[in-house]
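Next come two complexes built around chain A: one with chain B, the other with chain C.
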Partner chain A sequence: MTAPTSNISTARPMVIVGLDALDHWIGTVCRGVVLSTGAALLVSIAIGVVARYVITVGGVDWAEEVPKQLFAWFIMSGVVLAVQGGNHIAVDLVMHYLSPGALRILVVLTNLLVCVAYVYLFGVAMEVAELAAAERNPVLGTPGSLPFYALAAGAVLTAVGSLSIAIRVWVLGADARPQGNPEDSVE
Partner chain B sequence: MILVMILAFFILLALAIPVAHVLVIASGAAILYGGEVPTLLVAQQMVNQTQSFPMLALPFFILAGSLMMSGRLGEKLVGFATELVQRYRGGLGSVSVVGSCVFGGVSGSAVADATALGGMLIPWQKREGYPAAFTAANNAAAASIAILIPPSIPFILYSLVSNVSIADLFIAGVLPGLMLTAGFVAVCNVSARLRGFPFAEHPFDGPKCRKLFIEALPALAMPAMILLLLRFGFATPTEVSVIAVFYALAAGIFFYRDMTVKRFGQALIAAGVATGVVMLVIMGSAIVSWLMTYAQIPQTFAEWCLGTLQQPWLIILAMVLIMMVAGMFIDLPAAILLLGPIFVPLAQAINMDLTQLGVVMVLTLAIGLYTPPVGTTLFISSSIAQTSILASSRELGPFYLVAFGTVLMFSYLPFLTI
Partner chain C sequence: MSDQTFNLSRRALLKNTALLGAAVAIVGAPAIVGAAAPIRLTLGHGASPGNPRAVAADKFAQLVNERSGGAINVTVAGAAQLGDDAAMLTSLRTGALAISANSQGTTSGIVPELGALGLPFLFTDGATPIKLLQGKIGDQLRPKFEALGLVPLGWWENGVRHVTNSKREIKVPDDLKGLKIRTPPDPMTIDIFQALGAATAQIAFAELYVALQQGVVDGQENPLTNIASNKLYEVNKYISLTGHKWESNPVLMSKMAWGRLDAKLQTILMEAMAEATTLQVGLVQADSEKLLKEFRANPNVVVNEVDLAAFRQRTASVYEKWEQKPFGSFVKELRKTVGV
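Let's look at the complex of A and B:
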């Protein structure tokens, strides 16, 4: 839930208020998926470790299959959160040489391009998911399409996130783009 | 098709689109343009990377580091490093170097180290009389040590493209990490002597150092534990990464007593975001690599190099130069994933050990982290030190000398790769 806004406050355009709510909702869902799948991955691998090395029963079949089903969801939720936070690594040299107006146009256009590309990826992922649905995982019996649905969901939410950034920057200027936190870097 | 991919890659990269998106879009555009390969390949290749059990080591090594670093441990590590070296000439500068070495064993990220250590140490060093540009250059270069000391994310990525064991790479990374540490400490020492930098003149406080060592011990022991478990084959890298998470949790709960459910949740989300960033690069690189293999680029490149350069030492030099230039413009994970599939067959053709190639690759690409125009740790350190990139770059000369020397040693002396 977003905090109620006052009528006399800083007059944030309605479209931005709407995007704040949408991004907040997407962020909450993705954080929930990261927490639940991350904890499940940790526990399932830990059970495998205990089974193999502590009680030496040679591993647990389902504990080996669960990670393969969940990892794609964990990754794609992280991808979407990284889009929202501006954490994806870019070579942003050109940005230092552009005027604010040109920078705004560049950020809007590049985010629109990413949006279109990921909408296309969504379509491709859905197509492969339908093909992979016929396969079943031997122990859990879950369809082989689950990781493809994760890719499709991540792709469509990445497209929404990029569109949101494009609109924000168009309305508020280039400084409205997310710029990431260096401490979260993986380099 | 490949030409379209290469053109799209460089144009989109120059337009500041994130590298991971560039890889996905450029390869997708090439497939659509060529029409020889079905577009379904994009989704298949991307999902294939998420089905790799060894890749699960990534989020859990990141999580273990995040759990360790988000508590009081950071202060303890810096305190220990300070007490160890500050009384020597150039000691205040050396704290950044030794700190990066011990931090690297926990965080595994050069940029995180540059930010965390720089934020703590640069203002202190400036206050004590060090030139701002030197503190920035020192912090930027020292942070690169972090990615050589295990657990190292770049080595995990290299193992993906080369099939070299993660354990062998982690072990091989320790010596160059320690050599860079010794080299950068020497730079601090010589610079301090030549330029009269101040140093703490109080005597060595043994009991204080012992106390700080004991407080920092759980963190210092983590890389050792990881190496031992991997070296003696007790568990796979993914299992070791999960053991490291439980170890970090135990240290936070029982030793430092600062672990909370909230902190664990925040660290897990941070690990999820970092994993998303790296894995999307891996997923995008997988499509690019598939297309390059389809077009026989690695084989053609290897044949061209063997036919033109002929001498192994020249081929190694060419690889190092290409990596240096790539490291200046492309981020480290993407550079490893893109250059790896091209250089691995070439190294095999000249009988170069693939573990040695991995060490040389990470060492060389790490120089790009503190080299303009896209030096991430250089930007961060200069910003913290409130000095210009140009001024910091001027101070980097001796650090480059040490780094290039180390690269050349590991390139041409295979026995150094243990």
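Let's look at the complex of A and C:
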């Protein structure tokens, strides 16, 4: 059985339409998390700075702890968005020398490997979250597992994103992979 | 060269082979026994070299290594080489680390009852609380640790804590207003300083010197032994003898590592811990007196007494707050036992 030939411009197969919807949904959720946690980080840090240096009451206890709890969610949402956009750091040594068929296989295998690795990371993150659930943050009183759930959720969504890329490339060809921002590339 | 034939019967061959095998076994036995891998246990702590915790940890490792005849090899990793106290607690529970001489504040994040030992002015020295932890109170805490995969090996003394800062002498609670004080991630210490009117920030002990140096926080609170061993007096000129709380250093072992030892090795470990504890508690008490004299004599450091009655009065609300917690009965019983 041969792989389907590259065909991005014509009617999109159903599987790709389904992946478009899934990726769009994941991207929307992650953008929402990045914006909301980013705003909360900015506000809580600003409150801490104002309390310490402007009204000189030393600081606000909760404003110290909130950023530590939110940072993992902020970062992991960004990780997922970067996977979807192909913006992660990569060193391409052989991709430019491969034929379209070989490039397609390489991209599919790379993304499947990433997918498997992140499914494994999800399992590890859940195990650690279970352990950390017994730890209580001293000011907010929230369980220590919350940041690990961010890691677990980010791992699952990264795995889904990588799998989506692998399927897209297999169906449509290597050009269907996210190309990243050209301004971020170093030739 | 002679043309002699060499005849060897089957019986002789078997006999010689058996003899050769026995000889190899006799000669090689000590090497084989010696090659049996010792059980490697790593003891992590966050104290700097010279601190009583570091000295006692080295002593414990030496005693176990000697008395187990090489069956156990304890390696000490101090100065937070394996992460801060919180990271080491997690490592104990995953089995990545065998033993940790941890801190009371951080450990109270998983066994909150432990924090009650730091009630303001509950203890003025280590003799009473160490005795309680080795007896009645320790017995009550043990199952709570075991439920989390931890075995309390012993209770060391961190000491009576005092406030240092870079701005001014602290004589009454109001002097703390407007200051940002580093505390461990310990709800009790945070409650005490909130009651005193200071803002708090939770920073890992290993990062404290730089945080004080760069002005991230104005001050901190620690026993004199920690102030000396981490050279905090270099970046905090004022040492105020508040003595606001006492803290232990729980020495905890991973249940997974404990389970790898037979009864004989477990006994060796406990006996070595008892000796190391005696050494550590003695060092804290002796060093505290010696260091206070040294700090008073140091022209770059200002040591002052505080209005203890005012501090006690301002922190009285902490007792009420902690008696309202889900483990309030433990707090009441502790107060009753101590007679405060």
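General observations
Note that in this section the second predicted complex is superposed on the first by the 171 of 187 C-alpha atoms of A that agree within 3 Å, B and C clash if a C-alpha of one lies under 4 Å from a C-alpha of the other, contacts with A are read in each partner's own complex, and residues count from 1 in each chain.
Methods note: contacts are C-beta pairs under 8 Å (C-beta built on N, C-alpha and C of every residue); 3 or more make two chains touch, one makes a residue touch a chain.
As the structure is a prediction and not an experimental result, all values here were calculated from the model.
For the composite obtained by superposing both complexes on chain A, the positions of chain B and chain C are free of clash and fit together. In the superposed model, A:78 makes contact with chain B only, not with chain C.
By the touch criterion stated above, A:65 is placed in contact with chain C alone, chain B being left untouched.
By the touch criterion defined above, A:53 lies against chain B but remains apart from chain C after alignment on the C-alpha atoms of chain A.
In the superposition on chain A, contact is made by A:128 with both chain B and chain C.
Annotation for chain A, partner touching more residues between chain B and chain C: B. Contacts of A:139 after superposition: chain C is touched, whereas chain B is not reached.
Minimum C-alpha separation, chain B to chain C, in the superposed model: 6 Å. Residues 52, 64, 128, 131 of chain A contact both chain B in one complex and chain C in the other. The touching residues of chain B, counted against chain A in their complex, run 12-21, 24-25, 28, 39-40, 42-44, 46-47, 50-51, 53, 55-56, 59-60, 62-63, 109-112, 114-116, 147, 153, 234-235, 238-239, 242-243, 245-246, 265, 268-281, 283, 329-334, 369, 373-374, 376, 380.
In the complex of the two chains, the chain A residues touching chain B come out as 31, 34-35, 38-39, 41-42, 45-46, 48-49, 52-53, 64, 67-68, 71-72, 74-82, 85, 87-95, 106, 110, 113-114, 117, 120-121, 124-125, 127-128, 131, 147-148, 150-151, 182-187. Chain A meets chain C in the complex at residues 51-52, 56-61, 64-65, 128, 131-132, 134-139, 144. Residues of chain C that touch chain A in their complex: 86, 89-90, 93-94, 109-110, 112, 148, 177-181, 185-187, 190, 194, 198-202, 218.
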